[in-house]
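Below you'll find a set of structures to go through.
Each of the two complexes below includes chain A, the first together with chain B, the second together with chain C.
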Partner chain A sequence: METDQKKLPGLPLSAGLLALVVLVLVLVAPSDLAMRKHDFVRKGPGVTEVRMLSDWFPGIKGGRGDTEVYVLDSGKPGGSALVLGGTHANEPAGFLTAIVLVENARPEAGKLFVIPFANASAFTHTDYMEGEPRRFTIEGASGARTFRFGSRATSPADQWPDPDIYIHASSGQKLSGSETRNLNRAYPGRPDGTFTEKVAFAITSLIKAEKVDVSVDLHEASPEYPVINAIVAHERAMKVASIAVLNLEFDGITIGLEPSPQKLRGLSHRELGDATDTFALLMETANPSQGRLRGVTDEALILKGRDPLYLKAKALGRLFVPFDEKGSPVEARVGRHLAGLAAIFSAYTEEKPDRAILFSGLPSYDELQATGLGKLF
Partner chain B sequence: MTTQVLLLLFMIAAFVALVLFAKLPVSLSLVATAMALPLLAGRGLPLDQLVEGMFGYLDTGLVLVTAMIFLKVIEGNGLLGDLTRGITIRFGKSPLVLLVALTVVIMFPGMITGSCTASVLGTGTLVSPILLAMGMPLPVVGAVISSAAVYGMIAPPVNIPVMIIGGGIDLPYIGFDGLLALVTFPMAILTTLFLGLRHVDRKALARVIDEKKAEPRAGKLSIYLPLLTCVILMVGPKAFPKWFPDPRLPLTFLISAAVGLAVGKRFNVAKAARDGVREILPVVGILFGVGMLIEMMTLTGIRGTIVIGALSIPPAFMLLGIALILPLFGGISVYGGASVLGVPFALALLGQNQIVVLSALSLIGAMGSYMPPVALTPVVAAQLIGEPKYGRIIKLALAPAVVAVLVGVAMLVWANPIAKFLGV
Partner chain C sequence: MITIIYRLIVALALVLVAVELFTQKSAKLKINAALVLVPLVLRALMIA
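Showing the complex of A and B:
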């Protein structure tokens, strides 16, 4: 075993290789730059205003952290809610659910703020060495709709390099350095912090300024992750979450309830609950395309969620969710999120009728499984 | 046999054939294998992902290149020689004390950065001339530096594999320092003594001390400014994270190198930088090639097949599987192994004390630093000391590494009693 020291190529070969590298970069650059263009989101019947996140914190204005905030105002008295999709851009059910809300929901009471691409920068790249496709297509009622499949973290083009260890600013908690670009470890954020902390600060500022009653952060997790098909709730939101879980169970949707850990800091359900008056919740569904046990990684895995390796993992008792030949299709994952949101807002409305949050225009879980997701686009 | 298993066999065969028979450099062999995999799997040539894979090791590559420039600068301005002189004279009378001190010195950069490369390139360079002067053969010097660097990587306060696995199971990096110190320091020191003590030639050492005493000092104390700058920039952000900005390792090395140009002897800077980059470039090339290969292994499902294969091991043999597979995967990337295999293994051991389990997994996984094809630590150490065959270093470090894996397995077996005894 020798190192390559003595095998360095001569000048002509080096020049040839360099030219090849330049050619490859020229070929790759257009598709890389195209990732910076936000996916099309249609203004649905309930949308009364489209604002930018920088309206609540000008520190991110014009940058790649700035993102659309869709406001669906019923014009009737009630409470307000915030739905975050795309905190992690490799968890498609999160941002697809947010887009479905924007394009289809009709608010009946109160006001809804929806951010489909919460970490907009994370949509501009995919995670290194994960072999993920950059886009996936859903055949919609109005034609094929293509969406970006991004990364768990802010792009290194916007925040780089990572420190050796990430120290959460307000708690001093230490995590691995790459978590410094994870929006869901950056809350409540800092106005003078990193790119990601500024985005987190903008979201926290929105919640404070708009007196948001309920905030729900939509996520997905790999099927081998223990907290999955679950609602994670801050202690103040626990009663509402419990009622929502019971109602979901009555509707045949099995879902767990997890208290937000006191010691795990920087997450939305912990910090937004602590730093503001909002009821902070987070929802998880099972997404094989982000798992460590997955097989062939392609668009079909993202949409259908079928994977023979996950079937084996289930047989080995390694999964925390049911998993069979049908897989974990995106319709089921978006359906769970939509049903979960409806249950949470309904429970909150029961608890605080003067701060009602109600909306219509969305299919039930069963209806969505029957018609498919494309019908909503 | 599934498609993925066939692809895996093809991948291994193609890589070996390209290196051994086509005599291609390891880096280009990895690139060629990475490009062939998706073609064979019917996925075309996914240029986007191939380029993206390389970026997985961009940061490590930058650290390596800038560290080498820094080392060439402190070699050129006389700092390195002067420091070697000082340490040899001060501790030379007791080889045992000298070896213990040197082990901790080698570990230090790894402890604060979580990178064994930082240790090898940082203090390994300073220490290697002393070890050689003590009478150790080149491969032994390489093995001592490599092993101390590997333990430095997982010693507190920064153990990145634990952080990566912890991130995957929502366990914050709290409460690990004591246990990690208890495991890594004794094992690092014992490994150094096991590898090096018998080679110490006291007479040669005494002669070297006399020679060093006779040598004139390279310069005033100001010659140590680059080293001081480097230590301050490495430690400052960890000690005072709230107000000390973290320049990260590449900038730390470049700033320190710039300081080095202002003090000590004059030398040809351009040549030193060129030499440094030329020496380390093959290692960087291997890393980029590995990034591309992992990306293609994931895309084609080979990575998942390996992980499921590891998890399919019957419970009775699970520990054996961890002991074998985790270090083997470290041959591609220790951090990658922590993420891809460490997290599922940690989940499989959820009933055990997680602090002990994660510490043990990081200890076992770290031994993958010696494994080909990357074998980053011995490769960089070999490059540094001028040992042409890094395989000799691996051979020497293998026995202590096996012991470390056994200690890790014992920690997994008795995780709960250990935790109770230590109060973690």
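Showing the complex of A and C:
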């Protein structure tokens, strides 16, 4: 016995610590694994079919990159559009807008494809050291609805390790290593590439196969980020985007228009426009819960967007958007995205009446501010 | 392929740290080893 204790000093303490490790794992692992379950999305009156992204690229079938594609087909002649939410899972207005579309939109002309969780893997984890909540709840008309708040990037559990430098395959552009897991740096993707590149390739394949006329990638950004409250447009989509921006301004929604930089590669508004015939656009709203200047990061910040530190930053002239005590509530951010989508599709329909994309059943920006987002859920 | 190699490295580190947990005399170092085990197990199993 004495000899054993010499070999294994403090055996009771070691055994106790090991038991503690097992206990922590038993407590932690299930909550991590629960993040892999997709949030509930109700099939709205306009949904005619629910497909999987792997239908367009079987290389992701059954994996955690595969995700639901909701098809809203009017059954009438017209064009087609793709709406991407959840490219970045820490930008809730993007995926909430996509869910609102699926649950409420009624297509009147053409066909709409909606992917609420474009990077499904990014919803399965949060970023280290960010102190973000994993979920947030919206009190909806049909009860409380809980949504995951994820990460900007694919989970390391699905794509690991990161290289020191990420080299974008088709351009040779060099970015920091972690960007290898950013879906919006992976387009047009590769069938034999990384997990993230395969997801990007599947989305590109959908656009090609379905001859999607207009693709809109819904994002959010920190209020201190220069490209914000804006539409970023590929050069072929610039005319449609310009008309949309003017019409939004007439409706009292101030929004910027940015040309897609030709030398910034891998982004949806650049690569989808170059690799396919689609009009590629991206929209940004102001989300303090992902900003670098924020204080406590909780559900209230995600939903209300109020932060005293951002008020201070505004007073110092450090922000690129209006920001006051009202903050940047999720209703305003989703409202901007919905109004932007309606304006883009309307402008496209004006330009190409034989490829009309029209839908109804959604509130205007002002109606949404008055009723709140919960009424749509 | 690279992921498999990295998981093998993690598994090796996991075993070595577990050995440290039982062979270290210092209680502080035992606690350190226990703390390090948690993320190593989660990554070895590709849970997190």
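We adopt the following convention: the second predicted complex is superposed on the first by the 357 of 377 C-alpha atoms of A that agree within 3 Å, B and C clash if a C-alpha of one lies under 4 Å from a C-alpha of the other, contacts with A are read in each partner's own complex, and residues count from 1 in each chain.
The rule we apply is simple: a contact is a pair of C-beta atoms (placed from the backbone, for glycine too) under 8 Å apart; a residue touches a chain by one contact, two chains touch by 3 or more.
This structure is a prediction, so every number in the text was calculated from the model and none was measured.
In the superposition on chain A, A:157 makes contact with chain C only, while chain B stays out of contact range. Of the two partner chains placed by superposition, only chain B is touched by A:295; chain C is not.
Counting the residues of chain A touched by each of chain B and chain C gives the higher count for B. Residue contacts after overlaying the shared chain place A:14 against chain C, while chain B stays out of touching range. In the superposed pair of complexes, A:141 makes contact with neither chain B nor chain C.
Once the two complexes are overlaid on the shared chain, A:33 sits against chain C while remaining clear of chain B. In the superposition on chain A, A:209 contacts neither chain B nor chain C.
Once chain A of one complex is fitted onto chain A of the other, the partner contacts of A:24 extend to both chain B and chain C. Judged by the touch definition given at the top, the superposed model places A:370 against neither chain B nor chain C. Across the superposed pair, chain B and chain C both touch chain A at residues 7-9, 24-25, 28, 32, 125, 156, 161.
Interface residues of chain C, counted against chain A in their complex, comprise 2-3, 6, 18, 21-25, 27, 30-31, 33-34, 37-38, 41-43, 45-48.
Per the touch definition, chain A reaches chain B in the complex via residues 1-5, 7-9, 24-25, 27-28, 31-32, 125-126, 128-132, 134, 156, 161-165, 167, 172-177, 179, 224-227, 261, 263-265, 292-298, 307, 309, 312-313, 316, 318. Here chain A touches chain C in the complex through residues 7-11, 13-14, 17-18, 20-21, 24-25, 28-29, 32-33, 125, 155-157, 160-161, going by the rule given at the top. Of all residues in chain B, only 4, 23-27, 41, 43, 47-53, 55-56, 59, 62, 112-115, 158, 160, 163-164, 166-170, 172-174, 237-238, 241, 246, 248-250, 278-279, 281-283, 285-286, 291, 294-301, 303-305, 307-308, 311-312, 336, 339-340, 343-344, 347-348, 350, 372, 375, 379, 382-383, 388-391, 394 touch chain A in the complex they form.
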